[in-house]
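What follows is a set of structures for review.
Next come two complexes, and both contain subunit A; in the first it sits with subunit B, in the second with subunit C.
The block that comes next holds the complex of A and B.
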């Protein structure tokens, strides 16, 4: 008993950290989301539900829906690109597999903001790609690539694809290879075997990858800010504006709470599914 | 003459420099229980995987009921495999696993249902039809793997050490069941194992493999009683190997003794080296001067001393040091011993004997 109590003390620093730096600010934001703005533009605590009404009005609702749409597109593109890459490394990487994985991970040590600026340099009207297109005579004028939804989604895919590849790699690498052989042995063509055997056998990795890409993509503001324009505004940008440019902290707080609630629902669904999957394996 | 299910014709498989399977020639009859037996790395699993289509032979041909199949991919071959790890589909229930092959072959739904039910009946798993693969015990998983393959009524069923993961008691039980099922369905079984007892008890014929080659192929009795060479004699059960020189008139000189060896082929000339083997269970051990109890008339006898003794439950395994030099292992059935204290002593002088016809000549 005493030994048990002794070990409990090791939780204290972490608990303190979480309470002071995470739980307390979150509570302040929650309280602020019911506040209002005074004559000087400062957030004041109070009680009104109006901030939450504003989140779902016709000005802001499209922004929320667009964020979810971009995040879904990002997730699907990451899956389509990431699965073959993860599959190749796990199955055919051989002694190069850790080198290949490192080659994928190392760029992500560079700050996300800096990497996104690199895309601006590439895709801008006077950027590398457009200069090449014009110089080669493929087009007379620069092709608009920046300030489009696809530039924003492209930035998100680039930013988060590693979170898709790593869990996929893990589940493909762990998969019992004889299961795939069994699929072929039981008259499954290569495509049928992939659909009916490989995908179900790696669904834990697919699920984890999708959640890990979808959740940060919904709240992202860097990609839309640097690669997008007014038409590609996402909820992350909206929140950022409330706290800085527009100076409406209570509304920004309400937006934050709604987004966190939305993401938590997905997170809980995922965790329940993952726990069930684990129980089945055991 | 039985119809031929498989003909393996001069098949060789190389991985770079390494020769996994070296010029194997085998003919397997329809309805036969055929075993590929050998230590790990002998090429038995590679041979099986070439029959399944997972590996393509570097040289040679494989005929399935007369049709060359060596380049046909696995999903287009009418053979099915029971994997060592069972390789069940964890996301499907037992029924889903068993129905997998029939669904890929676009079998009508009603037929799938009856055939899956029949297959589960055959392996005694009807009550677990809706269970997930993960909820089953090792023995049950093994049965699902068997039903999943048999339900397709393949021309040949391939089994890759299917009982290797089971404990001894379950393994014995499954050996009997597998053999029964094979008789019931009449499908050709090709069975890979490294367990000589398993191969002897289940097979109609056995091919013993070593270093990628088939060293002997024949019925279990033939392989056990007349091993063609030292490797087979040593791998199939324990053998006492004796080196000697031919003396003529069917006798071989071993150490200080002249042994009668009726099986000695006539092309051995006096002075040629001869290797002979005696199975431990053929060696009788008795007290000196008590010749009429276990040492029977007509036996060849030598004297020796008990060097060590291992109690095996069903009997004793005695290591004997012969007076003329050399050692012999004898397996004595417990039926000879009436009382528990009626035991041999290490160091005791004994007489050892065997019938001359139990001397096997190895090439």
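The block that comes next holds the complex of A and C.
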């Protein structure tokens, strides 16, 4: 047995895990997406394309578009907040950098659902923030903050921003400082240097962060359910309702497949881009 | 990772594999069929082993379980579900629970699917004081598969310090005084149901033309909504809701959380009062069905009903439970609904065909989307 073969065996447990606990359930969801519901409300596997027709019903299109819109906004806000934070920690954190990173990561050990509930308590009309606003005389009446699209996007940002900061931190920390100095030597202003040198040098982190935030945001249902209003229904809510309220698993499965297909397109584009980037660096 | 493209042959093979999976599974239900041979056997009340309860979380005073275990020398364990579909899935896949707490509609479905066992109500001593309202209900016509645990009515809760123009009508779901501060229950049956009642239709109508009218009603109401939510107590207490479509038990919980409970009031509506029930049933897969039946009797005893209602705030339609609930809501008797007086105006949710359920869900999704 040569060394190559030997090391291949180390892949076996992981491969088995993926096949049994990821690929097989996914295949079942795929099969169920062509199924129907019997008289007892049970999902039955079959050959029906109707579930997919329903997905492309004009009613659900706005839900899909809204989900993508919220996810894009979340991604951009995370980038705008995350980049300076990651940059500061990576460049100027000094011996405090691991403490700062830990301070960012530790809140994420708390369950997302619980953190979102905390937002409700904080931002409700008679919550802590609004009580302070009214007591300080900043406004006569409470400001409605939750049950709005902004609250949903805010919840998503809070929920997923760590996935933006960590890859950004990694790529900023690894960035060769001499290229920035070279930019300055060539009479680049700080802004020009940042745009033409720092951003391209950290684009792998930017891309990774954007993908890691965008993908889970599109399918999220917690934020819209707890912080949303009457017009913030997202595709994650739609899918969850099909499984747990509407007893329509086949339709829920079809929605899941379409969403996965949509997200896979972005994932593949990202991976190809990342592979190309790697090739260029080498 | 440099080449992610599949060649044509790989693509075809993958497609064929997917099609084969779909074909192989075709006609099967998601879960394998259960052995339901025990479905006809009448359960006898006798200790036949330890008890495993399958219930909503925080829905029963733990002392009731503990003292039952001490009295009969058995272990009483509880596991929880967080929605009824999940409960169904676990039952169908062979979960060996001795006692479950389905809603009335799910009792009907479990009965038709032969997933629960019959018992003789006359052998359950404390069932004698159960409200006659639950004699031969639609979901259990011979009163042999279930006994009621709790019940609830659906009405409208409001903040007396914000709104003073309530009219005891479902029209209040679009009361202009609370525009933008109104919550509708995030429940397809409650949402469509109140619109049906408001339009003078049968609560459970399956007529497409009537449902279309109710959909328009809902879309009109939606303009004044702040959201769809079942977190009634939280919405009321946090000040976000001025008007909230609500189950009466949740109003009790909201009132318990504030120093001045009189700011929350509750009304039932003249167009009709939906009534819901959570029942107790014994699955075919039960290991200790006899112990489960004794436990049902235990839960319905006046002493246990009384303290359970005081503990969880939901009314129980049985001696002890009624008194406890009346005590809880003595400041606002409108929360306490006398089931026997409701006979004429009450309505229970039931969707008898998969088509009706599908149609209702489609409308609800279109309203929420």
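Following the convention adopted for this analysis, the second predicted complex is superposed on the first by the 271 of 282 C-alpha atoms of A that agree within 3 Å, B and C clash if a C-alpha of one lies under 4 Å from a C-alpha of the other, contacts with A are read in each partner's own complex, and residues count from 1 in each chain.
The criterion applied here is as follows: a residue touches a chain if its C-beta (ideal position, glycine included) is under 8 Å from a C-beta of that chain, and two chains touch if they have at least 3 such contacts.
Remember, predicted model here, so these are calculated numbers, not experimental data.
Applying the stated contact rule after C-alpha superposition, one finds that A:218 touches neither subunit B nor subunit C. In the superposition on chain A, no contact is made by A:172 with either subunit B or subunit C.
Of the two partner chains, neither subunit B nor subunit C is touched by A:164. Once chain A of one complex is fitted onto chain A of the other, the partner contacts of A:189 are limited to subunit B, with no touch recorded for subunit C. Shared-chain residue A:90: touches no atom of subunit B or subunit C. Set against each other, subunit B and subunit C differ in how many residues of subunit A they touch, and the higher count belongs to C. In the superposition on chain A, contact is made by A:28 with subunit C only, not with subunit B. In the superposed pair of complexes, A:181 makes contact with subunit B only, with no contact to subunit C.
Shared-chain residue A:78: touches no atom of subunit B or subunit C. Those residues of subunit B whose C-beta lies close enough to touch subunit A in the complex are 52-54, 73-76, 79-81, 83-85, 87-92, 100-101, 104-105, 132, 134, 148-149, 152.
The touching residues of subunit C, counted against subunit A in their complex, run 1-2, 4, 18, 21-31, 83, 85-86, 88, 92, 109, 112-113, 180, 187-188, 222, 225-228, 234, 238-240, 353-354, 357-358, 361, 364-366, 368-369. The touching residues of subunit A, when paired with subunit B in their complex, are 176, 178-179, 181-190, 192-193, 196-197, 200-201, 203, 280-282.
Taken in their complex, subunit A has these residues touching subunit C: 27-28, 30-32, 34, 37-47, 59-60, 62-63, 120-121, 124-127, 130, 142, 144, 146-147, 228-230, 233, 237-238, 241, 243-249, 268, 271-272, 274-275, 278-279.
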